[in-house]
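Below you'll find a set of structures to go through.
There are two complexes below, and they share chain A, which is joined by chain B in the first and by chain C in the second.
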Partner chain A sequence: MRFLVAVKQVPDTSAMRVDADGNLVRQGVPSILDPYCETALCRILDTRVPGDEVAVFTMGPPQAESCLRRCLDLGADRAFLITDRDLGGSDTWATARAVSAFVERHCPDADLLVFGRQTIDGGTGQVPYEVAQLLDRQQFAYVTDLSIGDGGIEATQDYGDSLRRCKVPVRSVVSFGEVDLKGRLCSIADHIRAGERSVVKIDRVGLGLGVYSVGLKGSTTRIEGTSVVKGERKCRKVRIENPDRAVELIFDMVGVKG
Partner chain B sequence: MFSRQRIQPGSPYLTDESKLTGESRNVALPFSEDEVREIMRVYNSKGNPVTVSAMRTGVCGGCVPMGNDVVSLENMSGAVGVGRDDRSYFIRLLPCTTLEELDRILLERSFDGLEDLTPGAVESLSSEPVSYFYPVDPTEMGGSIGGNVATNASGPRTYRYGTTRDWVRSIRVVFADGGVTEIRRGECVAEGNRIGFPAGRCYYSFDVPSYHVDGRVKNATGPRFQEGMDLIDLFIGSEGIFGIITMVEVYLIPRVPTVSCIQFFPDDASALGAAKRIRSEVAGLEFLEFMDKGSIDLIRSVMDRDPLVVGSPVPPEGSALFFDIPEEGHLDTLGTIGEIVRSYGSSLEDSWFGSTLEDFRRMRELRHAVPKSIFEYVASLKSAMPKIHKLGTDMAVPDGAADEMMSFYRSRLDEAGLEYVIFGHIGNNHPHVEIILRSMEEYEKAKAIYEEFAAKAVSLGGSCSAEHGLGRIKTRYLPLSYGEEAVAAIRTIKDVMDPKGILNPGVILEAVR
Partner chain C sequence: MSGCEGGSCSTCGGQEPSEERLPPGMLRRYDLNQSTAEGTLVWVELSDGVPTRCSLEMLSQARRMTDGRVFAVLFGPGGLKSVYVDLFAHGADTVYHVRDACLESYHPEAYCDAIASVCERVNPAVVLVAASPRGREVAPRLASTLRSGLCADCTGLEMDGRNLVATRPAFGGNILARIGYTQYPQIATVREGTFPTEPVAGRTGTAIYWQCPRPETKEILEEKAKDAASADICDARILIAVGNGIRDRSLVELAGRIAERIGGALCCSRPVADKGWLPRSVQVGMSGRNVKPNVYIALGISGSVQHRAGMSGSVKVIAVNPDPEAPIHGESDLSLLCDAGPVLRSMARSLGLDQ
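Coming up: the complex of A and B.
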């Protein structure tokens, strides 16, 4: 089985803070492997059996290689970095277009294309489904468990109010919906072994895409501006001795008939 | 006029991380150095003593008041300016700036509004290709810089970078009578064994006591005196008995990219053996920390409930060494370490490796979970046993005595049937032995054994308090370390500078007067 896992390097949003003007302070915030992507990769590494291959790829600036290095440390066999100035500023659709082109050109034999549900920086959660659409493949979202047996690949999807167990055809797109609370650390020996593997770099030409298909030029999203939404909460303090009367009052306030 | 508030029973002003509990009626809350001076003038005129307090992260009760009022510097926090001299950049800080805040300022390069203490320093530091940092790491990053200077704090990175003393460029000090002076290293040095300096309307002058301190052993047992000493060293490590620190300038250095590792071993003897060889054969270690089997068991038991470690993987059973090495050339270094650990029954497969700040944070929190769990445990005993407080050793010994001291710890505690864990700065022969107390009987037994440990450390040429200071809990170790004559000499200096004895009475020096 050949697994291809999409990952992304993101700023560690848990280390970000908002300044007095409501702006995000990005200076000094370390870049990390996105936790959703890391979880997806770890689930695949736990699923694979001897003979399987796990490849990872990311699209980003040259320094995104460090997140691929982490993937290799964790146990991935191969890594691809899609990097080109022309790709800068891609929205989700342009990203999906570049990712799809990469899969078709460089990993057409991947049996399963794996994503995290979303990334913590943008949080749009659109790319996995757009890639599935562009590649004309089935997609399975919110996966919590994946197993491979004699009957093929099976996944459990969490729909919030119900779980669905289903068969996953080969060449599908799967996105894991969870983040592992306990992150994973590789061993020193894993790290030394990973140092022997290289990261393959691919540019726009290597994807076979023109400049108007990628990056800002290939993106239809336009950000007009951002603002901080301030929630206002109106409080009222009422002192009531009778509990039944208090319940009635709460019901009245929230519009529930007792 | 300064702000003053009543202290209610159970107030946090009445304790610190030692869980020693004190008494006090009022807390003065100055917002500026001028207010600190006013407070001291008022209290000195009436002869009323005060206990100086900041973030209350100490573990020896140094900020715990015993009936007198508290002066809390908690409102004096933040960076003031940046400068540069021949040595490096330095940053000027108000006394209650925490190390965490300092680290954040430097990492984010949040220098807006900071003063140029030398021309162009702020812009120059902002445009440096790598960020700078303050390398002293006392593990507790919530402590204040003023408290760190007052106790000459150290920690894991002392192995490579030394103690707080090595990084302080200057301080401002308010004296008992409200006088103030700024002291910069190198500007006032003792002539032989006599030192004098002006402060406000006074001129202080005294003989420098002479007692031997082995500079190779970590030592925070009281102030450091020596012939030809720098005046600034009178205040670093003297825990506020000579004056209140109201400003600190510390040096900064470029942040060195490092990788973090935890190597697991089947038992304590293997880890300790490997530690000795790693220390002698591996260059460039940032620190070398030990966690014995009991410590790892303790961590494993709190992993599901301690929010700080809930995001970390569960360590395997056994003991461990935690170390950072420079990223440059780390594969060669790890190769050397691999050969060492193999000869102690382990392998590089039994380890954790981290190359990001997040990885380091996870490993560090894991290590910090050991003392923190014990603080919490002791706090939980307080309602049933109000007089109990934490009993953890802080002794360091010279290289040649490390094995003997470790054997002594274990044999005495095992003989007494006490439960304990051993962890900490093995790179400096400075592990902490935390005794896990279950009753007042055990507490009394442990206190007696602790005295034996202190005496043993001194007899081996070591120190009783390597990094925590003496506070109120360990005052008896001052005469044990340096002799009664030295204590009398320190008292004489205290009398010169604080004739009414109002500054931190009972801290470092027993409150016998």
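Coming up: the complex of A and C.
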């Protein structure tokens, strides 16, 4: 089997702080491999058997190479970086278009296209299914379990109110729904091997897309403006020594008699 | 062509302007190539044979924000007359009922194709889809099929003529971004609890059975219903939310019993759902649900921007967290700086619950 896993480099939103005016401080926030993508990659690395190939790709600025390095450390075999100034400002549709062009041109033989359910920065979770439509493949969302046997690929999907098991045809798009906090440790062998592997860079021309198909120009949505949300809370702080006092205050506000 | 105005000359008077006869620049001025899209289409999801709350909210909002027609698309078996009545009451003018035996179970590709075929027929300016697990899966595929834009998880929708301006929280709710579109139909997914429902009893409309040619279906080997959370957290008046500061699983169960006793429901932040202590269906925040209770009691929650995005609509917020710097205190009316565990135990004691 040949797996192709999509990953993204994201700012570590848990390290983000808000300044006194309520604006987001983005400076000094470290970039990390998105946890949803990392979980998806680890799931695939766990299911692989000898002979399988796991390739990863990302789209982003040149420094996104560091997240691909992390993927190689984790055990991926090949890495592609789609990077071009023209791709900047892409919305999900323009991103999906670039990604599907990449898959068709550079990895047309991938047996399974793997995504995380969403990323922690944007959180829209649209790209996997837009790519699936553009490539005319079936899509399997919220996958919790993927098994590959003699009978083909089977996926368990969790829709919140129901669980279902489906047969996954080869070349489908699969997106993993969960995020695994435990993470995965890199083996030294993988780390050494990763050093020998290079990241293949692909630009807009390499995707075969025109300037008007990608980036801001190729986007179907545009940001009209932003406004900062200001809280209007009382923010009354009470230091509590005795928990009973806390319960009194809570019940007072809720209107419950203890 | 002469520089006449008002069609008074013999060259152009009394004739409809056609594209090839127009002088240069005229085409752009009158924008003759603009789309004729009009109206709003809503995908109505059913749960146990009744429309989900979010679907009804979207219909009400569609009715409120435009004077145009409101279409609803519905999948399901026959015998849904009572559902039609409900949809008409909430604002639908026309219900397209896709009644195909093989589409009674959910197939994203086929659902998307069917909705797209209805879109081709009615040419709506706006398509609204619930930001439910299924909606989030179908909407992007639909946007891609229709070569159109999609704004996910909108918290506000405004119409400027036929143009939709969607508001969505960015970067976890600190910033509200206003998103416009360059294409029709303009597609948006809307989270449950965003808009109020406004049923008008006695409204009527038209229901149409819709056929879709040879739907593409998956091979489903097994499907079983999961136990949904006992109380819907979106409906709850009082919510007790537990976060990473609760270190003991038994305290989570205790919090659930307290919530039940005071007539509320239990919810959680992402770390608790990630640990598997509570189901995803009760997770509040960007990757969970939006809630607007009268009182939100956050126990041991630090208040990441993602979490605050899901609960900032609460009327009153009480935060219990020993860290005075925790961001949750910025979003709370009453901050109690102490450990959440003893507070929970004390609450249980004063309510007479055994631990």
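We take it that the second predicted complex is superposed on the first by the 224 of 258 C-alpha atoms of A that agree within 3 Å, B and C clash if a C-alpha of one lies under 4 Å from a C-alpha of the other, contacts with A are read in each partner's own complex, and residues count from 1 in each chain.
The criterion applied here is as follows: contacts are C-beta pairs under 8 Å (C-beta built on N, C-alpha and C of every residue); 3 or more make two chains touch, one makes a residue touch a chain.
The structure displayed is predicted, hence computed values, not measured ones.
**Student:** Which partner does A:8 contact after superposing on A: first (chain B), second (chain C), both, neither?
**Tutor:** Neither partner.
**Student:** Who does A:78 touch here: chain B (first), chain C (second), both, or neither?
**Tutor:** neither
**Student:** Spot which of chain B and chain C makes contact with more residues of chain A, would you?
**Tutor:** Chain A has more residues touched by C than by the other partner.
**Student:** Between chain B and chain C, whom does A:195 touch in the aligned arrangement: first, second, both, or neither?
**Tutor:** Only chain B; A:195 stays clear of chain C.
**Student:** Going by the contact definition given at the top, which residues of chain A touch chain B in one complex and chain C in the other?
**Tutor:** Touching chain B and chain C on chain A: residues 181.
**Student:** Could you please specify the touching residues of chain A with respect to chain C in the complex?
**Tutor:** Listed in rising order, the residues of chain A that touch chain C are 13-14, 16, 18, 22-24, 91-93, 96, 118, 120-121, 123-130, 132-134, 138-139, 141-142, 154, 158-167, 179, 181, 219-229, 231, 233-241, 243-244, 246-247, 249-251, 253-254, 256, 258.
**Student:** Mind listing the chain A positions that touch chain B in their complex?
**Tutor:** So the residues of chain A touching chain B come out as 12, 15, 25, 27-30, 32, 66, 69-70, 73, 181-192, 195.
**Student:** Hey, which residues of chain B end up touching chain A in the complex?
**Tutor:** 104, 106-110, 131, 261, 263, 310-314, 331, 334-335, 337-338, 347-359, 362-363
**Student:** State the interface residues of chain C toward chain A in the complex, per the touch definition above.
**Tutor:** 47, 106, 108-109, 112, 132-134, 136-141, 143-145, 147-153, 165, 169-183, 216, 218-226, 228, 238, 262, 271, 274-275, 279-281, 286-287, 295, 297, 304-306, 312, 316-318, 320, 324, 327, 329-339, 342-343, 345-347, 350-351
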